[in-house]
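Shared between the two complexes below is chain A, which pairs with chain B and chain C, respectively.
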Partner chain A sequence: MSKNLVIPIGPQHPSLKEPACFTITLEGEKVIEADIGIGYNHRGIEKSCESRNYYQALYIIERVCGICSHSHSTCYLSGVEKLAGVEIPRRAAFIRTIFGELERLHSHLLWLGVAGHEIGFDTLFMYTWRDRELVLDILAMLCGNRVNYGINTLGGVRRDLEPQHIDDIRRMCAKIEERNNYYVNLALSDATLAARLSGVGMLSKEDALKYGAVGPVLRASGVKSDTRRNDPYLIYPEIPFDVITYDSCDVFGRVVVRVLEINESIKIIRYCLDNMPDGDIIAKMPRKIPAGEVVSRYEAPRGEDVHFIKANGTDIPERVKVRAPSEANWHSMAHMLKGDYLADTPIIIAAIDPCYSCTDRAITLNNAAGSKRTDWEAIRKHGIEFYRNKGVDVSRILLPEKINY
Partner chain B sequence: MKKKIPGAIIKTAFPTIFQKPATVGYPFEPLKIDDDYRGELTYDAEACIGCSMCMRDCPANAIEIINIGTKEDKKFKAIFHLDHCIYCGQCVDSCPKDALVMSNNIELASLDRNNLKVERE
Partner chain C sequence: MNPLKKLIKWAQRKSPWIIHFNAGACNGCDIEVVDALTPRFDLERFGVLQKGSPRHADVLVCTGAVTMQTADRLKNIYDQMAEPKFVVAVGTCACSGGVFGDCYCVKGGIDAVIPVSAYIPGCAARPEAIIDGVVKLLSTLEDKKLQPKNPIVINSEKELADMLDEAEAAEENTETENFEENKAKEDNENA
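Let's turn to the complex of A and B:
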């Protein structure tokens, strides 16, 4: 009788450079069960926001994710601005949109490279990352940072676009468009790429909706869903752009959706540059935000980002909750892994463009109703007992005198 | 759907061998840093009024402004914790007197942790 083999992939280096543990149960070469263990990157970001004022919390929120930092900060700010009843100047909305799309450009190029690397196509990885540098150079020039741009502030943006910047952005867009058209051709014409990715990580339209997939994963399953179109924010209601979908439902479809979205992003950036109005870039914001609750949505490069903010009338938020797009895609990924070969696991994991540090902020309450609150002394007592049973006496270890928890 | 050919990238990949590298050999070659890049903070003690708005808004508690003069004749000095600083530049925005400005100096690494606490007067 054959016995199923259980392989732990991770927590170190499970296809990407962040920690997560995938426990894969195999029958022969096929995955029959995939259990995803996350939480290795928990940094307590939401809690730290609750002890900082709205300005400080902005920079904490911006660091939820290195790649989609602008998405998180814009999502948070649109909530705070809504609570304060402040409307940002139109020029600031244009600048935020441009940054959002520049971010999508470099995120998708980064993903394309990572996907190439996961399937052993390192030439593609080198080329896309070289091209991504063009976008990062523009971002560094505009805001002074390559990632975590710090362009957003409460009530608008911190730096204005100068005329020479606009020329540089246009030149960059032309270059990226030329390169991206080549990638589109490559994706559609290279036999190796299609043979490796077609039929891998299947997620049908019904399953995508059932497991709550978002972003390019959902769109590659043929569902026309994009927050920029469904629930438009900033100046998206007036921008003409196409929501890219592909109905192959596999990793290949996710490649095609992302490379075509790069062209859409370039179209949006050009629209913003052509129609940018003059005027202020920042509106006056009160330091104390009126009490209330708000939920804001944003289409990050990886999918829909949701922030919940509760204000209590002071200059410190009472609660900030982040639902990052990767978090929404975990469940569909566990489903996608089932039935595929073990060798396909890295690319299936990479295909949702997972960001572990984005995700790791959830807590699980086991038997929450019957749980009790324990104080520091009781935990220490429990710890000493626990180790004493194992034959180690830790009671001699002294604690620092003053501990404020 | 187009006809699929294997190795379609070879046509682009082969000529690239003869091109110069896309990377810069930093630190042996100079790196171009934009003037507006967010690097080390510079402090103008003359302009500072000691309002401590920068300390209040700093998300990383990386800046301290201390009065080293008397209560009547105030004189300020700044302590920057370069290891705490996240180079967001919020202190520059919060400063009402433009006493803080970011330079484009990014070469701040040190082997000794104590060197990362700098005082400016």
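Let's turn to the complex of A and C:
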């Protein structure tokens, strides 16, 4: 009989940049069980938001994740603005959209590089990261920082686009589009890439829906779901763009979805530049936000980002809850790992584009769905009682009076 | 100085191998650290190479404020590295805790857990800043003795010169003693 081998990986490990611990049980070369230990990046962001006012909390929220910082801050702000009943100026919505799509551009290019690195294709890693610099240059030009842009503020944006910026963005879009067409061609026609990634990390359409996958992972399983289309925000209702799906249900599909989404993002940026209205970039916001609750949704590069905000009429939020996209994808990842080879685990883990700093939120279930919080002793008693009712009563077993060892 | 130590010092200056650890960062600085290794900035032209294992690395590049969960792990990784070793704190959070400084799950900057040789502030620290920090760290290696574990207080240049002389003399003595002992052992075995 073969013996199962348990391999612990992490928290510090060479493949990913962030700490996470994977306990992988192997039978031969195949993964039969994958256990994921996260929480190393838990800093207590949600709690610290409760002791800051809405402006200060914005800067904390922006630092939930360094890659999708604009997604988190926009998601948080659209909730707060909804509570306050303030509509942001149209020009500000355009600028937020442009930033959101620039972020998607650089995040997808970054992911493509990391995916290349995980399968030993380091040339792709270097290529995409070089191209990504073009996007970061634009971001640095527009807001002064390469990551954590700080462009958002309550009621609008802090900086306006100048005419010369628009020319620069157009030039960058042309260059990225040219480079991306090369990657699309590579993804769709390169035999080696297809051979390496096809059939790896399978996630069927049913499983994707069952485990609540979001973003490119869900779309690569053939589900046409995109918050920008399903529940549009900012100016997405009027923008023509395609929701990219692919139904190969494997890592290969996720590559294709992401490279094609880069082209869609460029399309959206161009639309925004063409149709940008003149006007203010910031609306007046009240200092105190009226009491109420709001759930706001945003399509981050990794999938749907959900923020819940509860206001109590003061200038300090009572509760801010962040449900980052990576958090939703963990469950499907644990499912994907099962049945694949150990050698495929790095690319399967990387394929959901995991972001641990997004994920590591603490959750306490308090009276969820009418249930009580139970402690260990209560569960133990429940277990004993449950099996006693089925006729298995261990306490009635009579032990021999004297046992000879 | 011992020729072997000279060689190690030369190699470290010419090709420091780094290991990157995220102690609870937001990802921004991590990406910038990796960015510094990619074609636009290309830290590899200074001989810097990223390694996966702490046992192979000379410089521990840390990002982010230290969370409760990573504090022990960070210490472990630092202990696994071979002497002489250096720690570079990249980003404001790594330097002081930054915006996360007063969060309940955060211990503070990297120096709350392990000694740090170079601080590179910024949110996020730009690749140019990271390169500048690493180059400055390397240039300190050139003209100073390797940093001792417990800092020594030196009052005058003469005191320093005496100390260095003493250290060298002590090294030479141990070497010659060892050599003589070994030779005596070999002689015994031969006999």
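Note that in this section the second predicted complex is superposed on the first by the 361 of 405 C-alpha atoms of A that agree within 3 Å, B and C clash if a C-alpha of one lies under 4 Å from a C-alpha of the other, contacts with A are read in each partner's own complex, and residues count from 1 in each chain.
The definition used in the following text is that contacts are C-beta pairs under 8 Å (C-beta built on N, C-alpha and C of every residue); 3 or more make two chains touch, one makes a residue touch a chain.
Source: prediction; values computed, not measured.
**Q** Return first, second, both or neither, reflecting whether A:147 touches chain B, chain C, both chains, or no partner chain.
**A** Touch status of A:147: second partner only.
**Q** So, A:65: does it touch chain B (first), chain C (second), both, or neither?
**A** second
**Q** Which partner does A:210 reach: the first (chain B), the second (chain C), both, or neither?
**A** In the superposition, A:210 contacts neither chain B nor chain C.
**Q** Per the contact definition in the header, classify A:123: touching chain B only (first), chain C only (second), both, or neither.
**A** A:123: touches chain B, not chain C.
**Q** Where does A:133 make contact in the superposed view: on chain B (first), on chain C (second), on both, or on neither?
**A** A:133 contacts both chain B and chain C.
**Q** Determine, under the contact definition given at the top, whether A:186 touches first (chain B), second (chain C), both, or neither.
**A** In the superposition, A:186 contacts chain B only.
**Q** Of the partners chain B and chain C, which touch A:55 in the superposed model: first, second, both, neither?
**A** A:55 contacts chain B only, not chain C.
**Q** Which holds for A:381: it touches chain B only (first), chain C only (second), both, or neither?
**A** neither
**Q** Where on chain A do the contacts with chain B and the contacts with chain C coincide?
**A** 59-60, 63, 130, 133, 145, 148
**Q** Sort out for me which residues of chain C touch chain A in the complex.
**A** Going through chain C, the ones touching chain A are 20-35, 38-40, 51-54, 64-65, 67-70, 73, 77, 99-100, 102-106, 123-124, 126.
**Q** Sort out for me which residues of chain A touch chain C in the complex.
**A** Listed in rising order, the residues of chain A that touch chain C are 11-14, 17-19, 39-45, 47-48, 59-60, 63-67, 69, 110, 113, 125-126, 129-130, 133, 145-148, 355-357.
**Q** Under the definition above, what is the set of chain B residues touching chain A in their complex?
**A** Of all residues in chain B, those touching chain A are 1-9, 12-13, 22, 34, 36-38, 56-60, 86-90, 93-94, 102.
**Q** Using the touch definition up top, name the residues of chain A that touch chain B in the complex.
**A** Where chain A meets chain B, its residues are 52-53, 55-60, 62-63, 123-124, 127, 130, 133, 140-141, 143-145, 148, 150, 153, 158-159, 182, 185-186, 188-192, 194.
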